[in-house]
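Which chain is which? They are A, B, C and D, in the order written, and residues in each are numbered from 1.
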C-alpha cells in the first residue's frame, strides 16, 4: 500500500510537471493582460519534440546524447525523495537531502558537458554562467536544509516533514522563516526563473539555461525540457513539504488521501501564483548581480544555522 | 603466510633497482623490472587487503641490526594506507610500463625504474613503521627519492628552483616532525609507538599541545595545506607523470597517516581548539585550493591545486573528528574519521586516475595546456571515459566514490547539532557550507577540464591528430575507474572494515548508523538511475548530423569555441579577491598608443603567499648571514680581539654564575 | 731563614716593578729592536726571580729553569729576532695603530686592571699580589701589542710577552711546574719563533711588506 | 711497550721520508709506515680492550677514550696517505714544500697528534697540542701562494695565542690540585687528578677559572665560534688531503683535550658549569656556522664552516651529557671525520679537474664528472644529516639525549640550524651539480687511489647509517665510560 502510494507520488510529480509550467505561464499571461496559451500547451510541445529527429553536431561525442538522458533520469529519481500525499517517499526514509541535492547536481553536471560538446560558443557561455549560478546556489541551499535538519534532529526528508507536521504552524521558529526565504531565493536561481534567468529569452547577452541547450533538438530537447519542469515541481513540492506539510494524509483511508491531494494541489497553485507574481513584477538581474542575489540567500541561510545553534 | 608474503614484498621492492642495473644492457630484459615491480605490488595489495579486512596484525623487527629500534608492524590503520599505496601503485606501474618505455631511454629509464620502487618502498616504510627511527628513516627517504625522480625528468632553471623549494620545505617540515617525536623522549625513551601510546598519560598538557602543533605543521607541510602548500603546485607538475600521480595520490596521504597517528592514536582527546584549528586550515585549503585550480589551464598544475583542495576536505574531516573527540562523542568522531580516511582512499584513486589521464593526453596530444586541447573523447574513447568517471567522482557526484566521503562528512557536520558547546554547534554546520562551496567549485573546475579537453572540437593540430594510447596504459586507467565506481556504488565494502580500523585506535568508537544507511540506499539509487538511463537510451531516437548553429556565419572554427580561461572567467570575477593577478598590457609601438601595431595582455597569477610570507623570511635569513659574514673581516688582529672578548665574556659569566 | 733567603724574598717582592717598567717601555717603543731588547730584559728579570725562588726553596730543578730562561728567552730568542730583523731588510718601525702616548696610557690602564683582577685570588692563594698582577699585566700587554702593532714581528714579540706572563703566573702561584713541562713549553716557544720567522720571510717574499693588517685576502 | 711503537713510528717515518730522495721511494715508504702505524694502533686498541688501561712510563697512558680517538686517527690518516699518493703528483718545488717535506711534515703532524692522545700528563698534552699547530702550519702554507701564506700565518698566530690561554688554564688546574694537597709530581697526571677530583671541590672558583681558560684555549683549536676565525682560511688554503686531516683529525684531537679537562671539572665541581660552557659554545658555533654556510663562495670554505657546525654539535652532545649524549657525540666525531674526509677528497678531485673551487664557476658536474659529482652529492646528503647515512644516527642520538635532559632550547636551535645547513648545501651543490658544464680547464686522469679512498668513506657512511658494528660500539662504550 505504502509502496503503491509512493510510486503514485513519483508518477504524479513526473507527469504533472509540464502542467505546472503551463499553469505558471498562464497566470503570468493573465497578470500581463494576455489570454495566454492553454495550460496543457507544454504537453503538446513535448509530444511534438518527441516525434522530431535528433540533430547532432559532427564534433559531438556520445556525451552529447547521453547528457539529456542522465539529466532526465536523475530528476525522476530525485522526485522519488519527495513526500507528497503522505509523509513518506520511495527513497525518503534513508535518502536525505544531501543525496537529493547531489543527485540533481549530477544531472546538471552532465548537461554542462553536453552543452560544451556542441562546440559552439553559446554552449560554453551558457555552461560557464550556469556553473556560476549553481555553484553559488549550492551553499545557501545546503545550509538552509542543514538548519532545518538540525531543528528536526534528522537528515531524512521524510522525517523532517513528519517533524514539521507535528508542530503548530504558529510555533514555527525564526529558523524556518529564514530557511524558507533562503530556499525560495535558491529555488528561483536553481530553476532558472526571473530575476536570475529568463526561461523564455533567446538573447545571448542574457540567457543562461537556454544558451546551454541551444544545440539540442527533438527528443533530447524534450527530455531536457521535461526534466526542467520536473525539477521545478520537485523543488516546489519540497518547499511545500518542508514548510507547510499540514494536511498530509496520516492514514491510508481514501478520503484522507483525497483531501491531502486537494490540499497539495492548492498549495502548489499558491506557489505557482507567487512565482508568477514575482516573475512579472521583477526585472531580470544583470549577470554579475546574480552573485549578490545568491549572497543574500547565503546570508539568510547562515543566519538560520546560527539561530538554530542559539535556540537550542 | 601473509607474513612471508609481506617480507617478500619488501625484499622484492629492494630487488627491482638491482635487477634494473644488472639487466640494463640486455635489450630483451626490458620488461623484467616493471613486471617484477608489478608482481611485488600485487603481493603487497593482497597482504594489505587481507590484514585490512581481517584485521590480522603483521610485524617485522630489524632492531638487532640497527642503531635504534627499527620495527615495522601493520595494524589496521597501517594496512589501510598500505592498501591505498598498492591500489594506486599497481595501475600506475602498469601505466608506466609502457609510458616510461615510450618517453625515456637509456640511463634515465634505468634511473626511473630503480628510483620508483625505492620511492614506493620509502612510503611503505612510513605507513608501516612502528618506531620513530623507522618512520623518520622512511620519511626522509621519501622526499629524497621523489626529488630524485623529479631530477631525472629534466633540468632547467625553473625546475631547479622548484626542486630547491620542494626539498627545503620538506626538510623544514621533517624537522618539525622530528621535534614532535622527540618531545616523547622523556616519557618513552625508545620512541617505540606502543610505548608512546601508553606514555601519553604521563605527558603534561603543554607538551601535548607542543607535540600537536609540531605534528600539525610538519605533516601539514607534507600534505600541502595552505599556506604550507607552496611547494606542491611547483613540484608535482614537473615530475614524470606516473610519479606525479604517485606523489599527489599517495605521498600526500602518508602525511595524513602521520597526522592521524599523532592526533588520534598517540595524543588522544585534547582541547577542542585543536580541532577548530585543523578545521579552519582545512576550510582555507579547500576553498583557495580549488579556486587556484579553476584559474589554471595547465592540466598538471590544475590537478596539483585540486590536490590541495582535497587535502583541505580531508583536514575538515580530521578537524571535525578532533572536535567530536574533545567533546566526548566518539561515535561521531568515528563518522568524521570515516569520512576523512575514505576520502584519502578516494582521492588517491581518482587523482591517480586523473594524473594518468594527463599522462595519456600528453602522450597522444603532446601538450597539457587545456587551450590546445579539445575533442579528445572522439579520438580516445577509453581514456576519455575513464577520465569522465574520474571528473565526476572528484566533483563529488553521486554513484561515484567521491560522493560517499563527502556525504559522510556532511552527516558528521550535521551531527554537531547534538553538541553542547555553541562554537561546535555553529562552526561545524557552517563548515558544511564551506564544503558545499568547495564541492560546487570542484564541479565547475572539472566540468571545465573535461569540457575543454575532451569535448567540443580540437583547438590544435596535435589534438586533431591525437590517438588512443597503448593497451597497458588504458588498462591502468580502467582499473582505477572501476575502483571509483565500485566504492561509489557499494561503499559498505570499505566502510565496514574502515570503521573497525577507527575502533582500533579511537576509544569508544563504534560503527555509526549513518554509514550503514548510506550503503543501504546508494545501491537503490544506482539501480534506478541505471534502469531509467538504459530504458530511455534504448528508445530509438533518429539522429542526423548537422553542423553546429553558427548564427548564419559560413562555418565555425575552433577559435570560436569557449576557452578554459573564458569558461572560468565569471567565477574568477566573483572571487577576484582570492587571486592576486598582476596584469600587464603591452602596446607596441609604445610611442603611438592610439595606432598600436600589437596589444599583448599578460596576467600572471601568483598565490601571494610566496610574496608576502616566504620571501621576507628567506630574505631575513640571508641578510643576517651577510651581516655575520662582515664580522669575518680578514684582519687577524680583529680575530685576536674576538678571542680576548670571548675570554672576558666568559670570565664575567663565571663571576655571575 | 738565612740571609740569602730574606734578600731573595725582598728582591722578588721588588722585582715586579722592573717588569712593569719593561712593559711600559715596550708600549712606548717605536722600533722593533727596542721591543726585542725590552723583552730580553724582561726575561732576564724573570730569570732572576726564578733564581731567587730557587734560593728560597733550595730546589734543584729551579736552577735548571734559570739556565733555560737565561739561555733561551733572554739570549737565543732575542738574538734570533735581531737576525731576522736584519735579514728581512724591512722598515723597522712597529707601525702602531695607536700613538705611543696612548699606548703608554693603555698599558698603564692594563696594569691597574690587572691589580684589580688579581685581588680576589692573590689573597686566597697567599701569593705576592704584585707578582701576580705583573703576570696578568704581561698577558694583557702581550695581547695589546699583538692587536695594536701591525708589523708581523711585533706580533711575535707580543706573543712572547704573553707567554712570559703565563710563565710568571705559573712561577708566582705554583713556584714553577715540573721541569719536563717547562722544558717542553720553552721548546715549543723556540720552534714557534722559528716558524714565525720563517713565515715572516714568506710574507715579505709574497706580499713585499710585513704589515699583517693588510693581509685581508681571506675573509667571510 | 706497544704505545712507544705507536708513538715513535710516525717520528721515525718522518725522518726516514725526509732522508729519501726519489719521490717513488718517498711514497712507498710513507705508505708502508702508514700501514705499520695502523697495525700497531689496532694492536694497541686491542690490548686496551683486553687490559683496560695501558701505561708506559710516567708520561704515556692509553685508555678507552684514547683508543677510540687513535683508531679514528689511524683510519683517517691511512686514507689521507693513500689519497695523497694519488693526489700529490705535481707539487711546487721550494723550501719546505717538496714531496718529501710534505710526507715528512705529515708524519710529524701525526706524531704530535698521537702524542697528544698518548700523553698521560696534561702539561705534556698541552705541549703536543701546541706542537700540532707548529707541525701543520707549514702544511697549511704548503703551496706558498699568497692565500696559503696568509692562512698559515693567521693559523699560527691565532692558534698559538689561543693555546697559550690553555696553558694558563692548565697551570691553574695544577695550582688547584697542588693547593688541595695533590702531590706536585702527579698534580698534572690525568688519572690521578680524576681520582683526586672530589678533593678538588674546595677550589671551586679556581677550577672554574681554569676551565674557562682551557675552554678558550682548546676551543680555539676546535674552532668554536668566536675563536674559529683561523679555521676556514686554513682549511681552504691547505692541500686537500691536509684539509681533510685538519678537519677530520686535528679538531677531534683538540676536542679530546677539552674532554679530558671537562671530565675532571665535572667530577670535581659538578657538570653544570663546564657543560653549560660547552652548550654555549656549541650552540653559538652551530648557529653562526650554519648561517655563514649560506654565503660562502669557495667549496672548501663551505666545508670548513660545516666542520665548525658539526664540532658544535659534538660539543652540544657532550654538553647535554648522559650516556646517550656522550656516546652520540663520540659517534658523531667519527661519522663527521669520515664524511669530511670524503668531501675534502672530492674537493681535491674537483680542483684537479676544473682547476677551481669557486662554486659559482662550477656547473653540470653530473655530466662532466659523474663520479666526482656523485660523491659530492653523497657527502652533502651525509653532512645534511639525512638517512641512510651515519650522521643521521649520531645527530638523532644527540637530539634524544638533549630532549631527555630537557635542553629544549639548544635542541630546537640545532634543529633549525640543521635545516639552514641543508638549505645552504642544497643551494650551493645543486648549482654545482646541475646545469651546463663548462669545458674542464685542466683535465687530468684521476688515480685509482683517489676513488678507492672516496669509495671506502662512502661505504663506511652508509654502513654506519644502517648498523653500528659491535666493535665500534664496544669502542664507543669504552670511551664514554672513561669520561663519564
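Rule of thumb we're sticking to: contacts are C-beta pairs under 8 Å (C-beta built on N, C-alpha and C of every residue); 3 or more make two chains touch, one makes a residue touch a chain.
On a predicted model such as this, the values are computed, not experimentally measured, just so you know.
Interface comparison, A-B versus B-C: the higher count of C-beta contacts falls to A-B.
Chain centres here are Cα means. That of chain A falls 36 Å from that of chain B. Taking each chain's centre as the average of its CA atoms, chain B and chain C sit 70 Å apart. Per-chain Cα centroids separate chain A from chain C by 102 Å.
Chain C and chain D have Cα centroids lying 32 Å from one another.
Taken residue by residue, chain A touches two or more other chains at no position, since every residue touches fewer.
Along chain C, residues 143, 146, 212, 215, 217-218, 220 each make contact with two or more other chains. Contacts with at least two other chains are made by residues 629, 632, 636, 640 of chain B.
All chain pairs that count as touching, in label order, are A-B, B-C, B-D, C-D.
Chain C makes touch with chain B in their complex at residues 143, 146-148, 150, 212-213, 215-220. Residues of chain B touching chain D in their complex: 65-68, 133, 136-137, 140-141, 144, 151, 155, 160, 163-164, 167-168, 171-172, 175, 178-179, 182-183, 185-186, 189, 191, 621-622, 624-626, 628-629, 632, 636, 639-640, 642-643, 645-647, 650-651, 653-654, 657.
Listed in rising order, the residues of chain D touching chain B in the complex are 153-154, 157-158, 161-162, 165, 208-209, 212-213, 215-216, 220, 226-227, 229-230, 232, 273, 276-277, 280, 288, 291-292, 294-295, 381, 384, 386-388, 392-393, 396-397, 399-400, 402-404, 406, 411-412, 415-416, 418-420, 422-423, 426-427, 430-431, 434-435, 466-468.
Of all the residues in chain A, the ones that touch chain B in their complex are 53-66, 69-70, 72-74, 76-77, 80, 91, 94-96, 98-99, 102-103, 105-106, 109, 112-113, 115-125, 127-129, 131-132, 134-143, 146-147, 149-150, 153, 155, 214-215, 218-220, 223, 287-288, 291, 298, 301-302, 305-306, 308-310, 312. Chain D contributes residues 59, 96, 121, 123-124, 126-127, 130-131, 134, 137-138, 141, 144-147, 149-154, 156-157, 160-161, 164, 167-168, 171-172, 174-175, 178-179, 184-185, 188, 205-206, 209, 232-233, 236-237, 292, 295-297, 301 to its touches with chain C in the complex.
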